[in-house]
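Across the two complexes that follow, chain A remains constant while its partner is chain B and subsequently chain C.
After this line comes the complex of A and B, so read on.
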């Protein structure tokens, strides 16, 4: 977002102002006060410790997904399938929990296995997109999108079929797991410090892979110029697969967090759209890991803050999505304008 | 099942494919010119909401359809401006617009949720509508379905049988050559992207004012159709008639899913509704796999007769995108 090169910051600032101006006009068009809307969103996310804890609950999966996407974007891949990889992470985590439901193992061991299971589940699902791309010539955008819809269907099938609640299956999900299967939370707050820690470790690892390793360098070489990287002797298709697997594992971890730290069961909308939102964050930070934490936190705050809008102002909570989208759009346009101006100058 | 119910079902398939036909034709024109309009899923939702709102407020159904087209054209204009003039990634801009327009439709459509509004009525054509079977299938539809039939033919005619259509192919395949021949490549790309966008924008009101009249927000069931239409465009190999076939096949499979529901009672209805997606992946695989290098190598190692049959089958299914798809053009 904050790109230091020649006047880049100025363009970003203009983009930010234009985005808020544009959304304000939309709000005025439905006779709502923009100032009130922004204020309610702010107090809805930062107004109290409890609300801020909710922001962090949304921040955890968003940051993990963004971290994963930074890897696929580095190797030049548009991993739209990340949404389904989150879902499969959640499904795999649920599966591991169910498997050890009667076991005498220590809960900490079971939770660890469940999270690892989620990461493997996400990685396997990502490998489908990768295999379709590498061996089937199917563009990762379409393969990924198709698999996203399949993953949703799979969730619903499991909830209404093999994993249904005794008695009546319902959209409220599977039977909640016993309390010892959840990542411990802070007193009175819903956020688990463990989940937060895992998310932060995820982004730090990705930052070091991309900035400080030979592997990261080759990954970026594949992303910048596939053909040149191939001619240089980098096994390009293996690197494409590695980046799908890493991203899938991180997205799977996000899904595992949704199950182990938030919902404690599998629900139909377990991914909550964090996969798609992560793509927006990655675009907004111009694929640079250093800005991932503040921007993911900001987007999470918008999501949580907008929950207040239907209650307080009778506005639809999709305003947060509009604001996020318009922001990314104007930043992309501003970047284009900057390149055009700097070329002329 | 009686012949009558099957006929009614098939006539319904033709009608319910109409919006997808417009979307696929619009995307085909845009991509033929070299611009991927990835915003389609959001555009359809926003034009469905906007078209319904316009018709609801003016009580004029034609204005509703025009509003939908205008919305589609405007969104496409943003894609064109960002990708042609500012040379930003078409995929990035299109994807952002797909999400933003979807959320915008939910936000702005909030007051119209569940409101009863105008709906396009069936307009049977005299005489033709009386023909047994054919009449019932093709000539007792509404105006927008007739328009979808005509559009397939017109789009095919334009691309393959006219001079400007030939130029359009050139702009997407070899823009430099088209430029030397006197084509203003970037201007034409703008024009085709915006026209294509207007066609995509027609798909929205075709839902909200005809097939699934009304605006139901997140439960409209329209979220996802744009992504399917995008893959049908690829399946169609950027050819209007093959794309239309894909759209009808998709509508037919959805209908089949509905009909088969009582047969597979254990399978939840939500699962049958997504049956088109694995099929979509499979068709994309079939269409693309002929382009993969390892397939060629494997084929080369096979005995003569098997190889001939297999490669013929692959070639029949294969579709290659316009070579300059997604590549910015600079005249200097």
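After this line comes the complex of A and C, so read on.
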């Protein structure tokens, strides 16, 4: 068994090298130096404390989304609707903040309520996908994808409709909230230790749910063999719903962080694609919670590191996306190759 | 078309599914293929129709020419068409579209011509099929008719039918037989695979019997039924010491139960099972016993009648209610339904227990797994995933998952594919449960096993259920006849 795991690591290392090699070829084909590109990406993310703080700002929602997806993947569900669940978390958080704008409650209470509201909003949105799946027979991929579009439309409607800025509505979002509605940040840096803490707590809880509880074991049984799990006496569809709710709550928390700790308002692209990126992280770590932190950090660093590329090298910053996508593909490919080899052995 | 099969062998891993089969079928013949489940009938037909290939050395000769059939499409190219037991059609599509499928060539089919061909063929055999209706609105019999004319249209000169009379009405059967006879007169070769003696006797010019992968005999009309039964089931049966039950209180009671699925209807069954009793369900696969045992588990809801367990009314309740009431069901498909591949033995034992708190006590789970592994003699470790175990050990693992105490244990093919040592061991464990007051209902296609271990048994044939038969008072021959659909007329009076 140990040998199998060691072998798996070797294959993943090969996949990583292949991915970088492949992206290097793309860079060479446009006459850009791969070495410079990687170097710029590295300094762009780890070059200074400020930059590293930016990486952490991206890391927080990505880690929360990944944590949620680990739960749905464990129960055999492809919760692609996680993107919309992030958005609804952000919308619900904004709604709570707006509701308490004139309130005399202590800001800490309001922020707590807003985050909880975001989690509930994400969970409710996820439950739609779950209900469609369980009672309507709609595959969660289709249901989730559809609801993602609805969530985007809803954001735009709110920003240009009921929640528009006084005077003229704008793509820059709703009116920013007063400063006391922000999760406190480190001096001179954009990262809030509170947000970081919440994200870490999220992944740790998920780790323990999946590793050590009856609930987690049952989720896994449902995911690996729905029919046998039912025959073993597990209430299967209820467990599917629970996993949607948990994932939705964590995605909602990610949305809440985007509002309370980063943008301080609702903007059209509030989720920044972290839902989809989280899917890639979850696939890359082969649904194992222990690897979520390093890999999510790595992906966040790629995202932030590539921001400077257009200025420094006239390369588009979507290079990070190319690298991430290629990496996932090669890792999946390597996993397939590994299984084929281990079968022959 | 003349068919000759020479030296056909087929191995699936260690299983020798076809052993040196030699069979010649002249053009215009209706050839019956008889045999019990697992005798090798389907394997042989799949080889002829290109689904699988025979081991090297075998030959298929059509009209004197040796051919190699790579795929079903290849088979139809050579004129071999197969009608499967479950029609391989596309229910959400229209009849005409189904008819068109499988026709090669042409990007845009000429629907008008095709519709005309379809109409002509349907009229020729007196089939009333609406080309514009959807396939899922058709009965099994009508889907069969569609498949027959489709294969003929594609140029089939040999028609293989696998258990075609299961699930169709009496009038459809009459029409099917008339069609087959007509086709044979036109020089088609028909291969009719069945376990129904009566059908084979009525229809086939000659019959070949397979048993345990071997061709054990060929007979021409007229047939002697007892001879066929003997060939199908073998003769030498050695019964060990039977252990009759000390029947206790009534555990399970079926009153006037009716069951239904798309293929079969079971009507008005009454049954009372007592504590400590073992009931065997005999019959060819798909005769209704699967549906029946699932109804005992609460997985299939009866369309009529009442179910009581230990005096408690469970009619229409869910499987999980049955489970809580002490009913456990072990399905035949171990890795598909019984166990969770990817999880290890410890995980399974922990899952089967009532949770204690939120967190799993790993040490206790490990201990539990070690105990069960030892007491059930499973060759594996607490960390072995279930798919890494052998079939016999998977079966033991399933048994080790049974909760305690239990009122009723339901088993599908509890010992299929297991070596004799495992069989004896597993039945030892099950009989132990009986002594503790549980009742057992099990399905088996092994008549010896049924006679050996059950106290009473029910025979299923096309949804008909016999009265309970005392296992001590019957024989393999009598059961074989009943399973093949013979001797049902006087059943009702004898055992009522």
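As a working rule, the second predicted complex is superposed on the first by the 340 of 345 C-alpha atoms of A that agree within 3 Å, B and C clash if a C-alpha of one lies under 4 Å from a C-alpha of the other, contacts with A are read in each partner's own complex, and residues count from 1 in each chain.
Note that in this section contacts are C-beta pairs under 8 Å (C-beta built on N, C-alpha and C of every residue); 3 or more make two chains touch, one makes a residue touch a chain.
Given the structure is predicted, the values throughout are model-derived calculations rather than measurements.
Clashing of chain B with chain C is the outcome of superposition onto chain A.
Once the two complexes are laid over each other on the shared chain, residue contacts for A:340 go to chain B alone; chain C is not touched. Using the contact criterion defined above for the overlaid structures, shared-chain residue A:157 touches chain B, although it does not reach chain C.
Using the contact criterion defined above for the overlaid structures, shared-chain residue A:312 touches neither chain B nor chain C, since it reaches no partner.
Of the two partner chains placed by superposition, A:205 touches none, neither chain B nor chain C. With both complexes superposed, B is the one of chain B and chain C in contact with more chain A residues.
Within the superposed three-chain model, A:228 lies in touch with chain C and out of touch with chain B [touch as defined at top]. In the overlay built on the shared chain, the residue A:217 is in contact with chain C alone; chain B does not reach it. Looking at the shared chain after the overlay, A:131 reaches neither chain B nor chain C.
When both complexes are aligned on chain A, the segment of chain C among 5-13, 23-31, 77-85 or 95-103 whose C-alpha atoms clash with chain B is 95-103.
Every residue of chain A that touches chain B in the complex is listed here, in rising order: 26, 29-30, 78, 80, 132, 135-139, 141-143, 145-147, 149-150, 152-153, 156-157, 160-161, 276, 279-280, 283, 315-316, 318-322, 324-326, 328-329, 332-333, 335-337, 339-340.
By the touch criterion stated above, chain C contacts chain A in their complex at residues 319-320, 323, 329, 331, 336-343, 347-348, 350-352, 355, 357-360, 362, 383, 401. Note for the complex: chain B touches chain A at residues 38, 78, 81-82, 85-89, 91-93, 95-97, 99-100, 102-104, 106-108, 110-111, 217, 224, 227, 230-231, 234, 266-268, 270-271, 273-274, 277-278, 280-281, 284-285, 288-292, 294.
Interface of chain A with chain C (complex): residues 1, 212-215, 217-218, 220-221, 224-225, 227-235.
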